[in-house]
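Two complexes, one shared chain (chain A), two partners (chain B, chain C).
Then we have the complex of A and B:
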């Protein structure tokens, strides 16, 4: 067993162990922390594959941003103290993870030695008419053969591939556009609204609710007080 | 002279030689042991500098505030850090009854680990570097985001309102200030054409026909914003909102005592020192410098940067949360992006290598002229943006004053009526 294999087994144990912990633990906060450990293990796998760029990006994006956001969401959805948020989605998560694992096994696992471009419309779109062994700039190594070393200039190659019209320019631009749209949407949703606007909105909501309640009353039904905003309840109480 | 210049490298080679030849280890094992030794030495250096820095900082801040500072333990109070250490060790190690034990106890370790791993890529002298990562700059920024995890763990694990509030503030601040930090490292990376810290230092020396000008001359705006974001990233005053004593007691480490608290303290100082080192490496030329040995130059530069940190801490009041976010998202980020675009265009327009000029077009200039052009552009963006910000701030202040005057007049009228 070479050193690389030993490190790989160690990393795999860390990843699998923490991933199992993520789906089995009842404590949601600890699950999020353990997910960070999983991401860290994956970063270690990237280091083992000699692509430091992806390892560092994994740490920066998945641990430094996404996991932190998840923890933040966990903290904000429940009470600030006392309650420990519980995980009730373990079964669903396990099923989804299993399905994805199975699909990945079918596509990239030991069963398949080459990637069929015809079955991969997205990759063939990106790669143009590349040969099956050389898809999208990635050299797919058939099973059982030694992996060629990562070229010294892989960062520069990666950067050029992102802006090359024949490689990843289109997905890159699409993702950039998507991120822009999401940013603009987030700003629109979270924007500070002027007081006049807020009052107008509340009035309209109250009026709508009152009208609805009136219609229901006329139809001979009792208005459902719990479903109405506070202002609307006060206005219907006059009748 | 050469011996003194290469002292660190010679010592390192000597130890490696001993391990390999005298102890008879295989090359792989010898490498492993040498690396381990180097890591231990680096970590010890960082931890020891933490002890020294607490003393120096207390002395400097005391001077600024017209006090004497620690002066009881030993001559000039020099033994104060040791006294502090003994105090920390003998304190009771408490754990809140409702704390999440694992998370609570792991947090100080995590912050210390992430703080120390930054030193792995810092070049201290030619050939003296933990590991020459070709993504060094990116690595430093990614590792910096790791301390957020530790602070969240501490804030949540303590099961304390103040601690959690401190953690919330931390996330907002540290995640936010990562953006201008990255944006202002980019000009340096683009000009160097590499993310390796060694290449970045070499680009600032006179090697390979480079002009030997530090990057602070090329990009004064980037250097300034990087420095300020660095202070915000390490949560030092005036950005110490996450542990603001007057607002949320001590923030995320309110429940920690004894050595666990000391580890947080260590993480904070080691992070700040790392930012000083990284700033010196990126913008001040790293170990490059005349006459003195390289490692002395790096230490001098880092010490100067750290002195600026202490100076700011002794001078400026803590800023408010809204001011902190406004400064980041409404000033630093847009200005950095504008600066990036301007500098990018100029770097494409004025090239220094004939090969690049032939391949991609562009005007061929000498490196010094290129530096002058970039300096002018960067300084213009800086002055222009500062002028706009100052004008806007003045208008807002005047509006506020007018509003206050109007209210006062109304109040007086109401009272007299």
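Then we have the complex of A and C:
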């Protein structure tokens, strides 16, 4: 066993162990911390794949941003941490997840010996009469050949591909727009309403209820029945 | 002849990523807390990223396709976390509960 294999197995154990802890623990705060460990393990896998760019991006975005965001949410919803970890469908969920895992293993089974892109059904369908090796203008690694190293300029190539009209410019612009909209939307949804706004809302609702009661009384209904919704509306507006 | 990089065959990565995906799926289906549910989604997105980058490295390292898609997954994950947690906090403020089973009405 080479040292890389040993590191891979160690990283896999860390990733899977901490992931299982994340989905089973009762304490949400610990779950968030263990999720950071999972993300670190995945960053380690990216290092083994010789993609330093994505290992750094993983640490910056997942560990630096997303995990911190989740920890904030856990703290803001205090009192929810000691909850029952599983709902009533937990057994069914475990069975479904297990079945999907075995289906995935069956799908990946043929890839154990060799991976020949030319024999993939979709690729040969797209290729038609052309050579399957050139589908999409991509130089696929031929089966049985050693894997070429990542080009030294891969980060620059990646950057150019993102702003190349013939490659990923449109998805890149779309996703930039999506992030803009999402951040504005998140601020709008989660904003704290000022007490004045809440009071205004409550007054308006009470007036509406009073008008409704008045209309009902004029229509000849019992006033008691109409007075009840007014209190109910006022109490739900308290939050 | 296998596809091997640094002594690690491609299918090792695929097994780890499918296991991580299924653990995340279990988290999404079985947890009784909206934030824990979002954590499960993050694990699933991470598993997808491992898969994308492993296939890119082993089969087409000369192109930029795998990197571009992995970067998009990363951005989508960040956006999903921001919106999801904003919704959770907003719902918690109104109902004092983040149990997805209890959130069954659109109007409060």
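Everything below uses one rule, namely that the second predicted complex is superposed on the first by the 120 of 239 C-alpha atoms of A that agree within 3 Å, B and C clash if a C-alpha of one lies under 4 Å from a C-alpha of the other, contacts with A are read in each partner's own complex, and residues count from 1 in each chain.
To be clear about the criterion, contacts are C-beta pairs under 8 Å (C-beta built on N, C-alpha and C of every residue); 3 or more make two chains touch, one makes a residue touch a chain.
Note that the structure is predicted; figures quoted are calculated from it, not measured.
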Does chain B (first) or chain C (second) touch A:45, or do both, or does neither? second
After the superposition on A, what does A:29 contact: first (chain B), second (chain C), both or neither? first
Figure out whether A:66 sits in contact with chain B (first) or chain C (second), or with both, or with neither. second
Using the touch definition from the top, say if A:75 reaches chain B (first), chain C (second), both or neither. first
Answer with first, second, both or neither: which of chain B and chain C does A:178 touch in the superposed model? second
Which partner chains sit in contact with A:57 here, chain B, chain C, both or neither? Use first/second/both/neither. both
Hey, is it chain B or chain C that touches more of chain A? C
With the two complexes superposed on chain A, say which partner A:218 touches: chain B (first), chain C (second), both, or neither. neither
Which chain A residues are contacted by chain C in one complex and by chain B in the other? 53, 57, 65, 72, 80, 84
Across the complex, what residues on chain A touch chain C? 2, 4-5, 8, 12, 15-16, 19-20, 22-23, 28, 31-32, 35, 38-39, 42, 45-46, 48-51, 53-54, 57-58, 61-62, 65-66, 69-70, 72-74, 76-77, 80, 83-87, 89-90, 92-94, 96-98, 100-101, 104-105, 108, 111-115, 117, 136-141, 143-145, 147-151, 154, 157-158, 160-162, 167-168, 171-172, 175, 178-179, 182-183, 185-187, 189-190, 236, 239
With touch defined as at the start, can you tell me which chain C residues reach chain A in the complex? 1-16, 18-27, 29-33, 35-36, 38-40, 42-43, 46, 49-50, 53-54, 57-65, 67-68, 70-72, 74-79, 81-83, 85-90, 92-99, 101, 108
Which bits of chain A are touching chain B when the two form their complex? 3, 27, 29-30, 33, 36, 52-53, 56-57, 59-60, 63-65, 67-68, 71-72, 75, 80-82, 84, 155
Which of the residues in chain B end up touching chain A in this complex? 28, 98, 100, 102-103, 133-135, 138-139, 141-143, 145-146, 148-149, 152-153, 156, 159-161, 164, 168, 171, 175, 178, 195
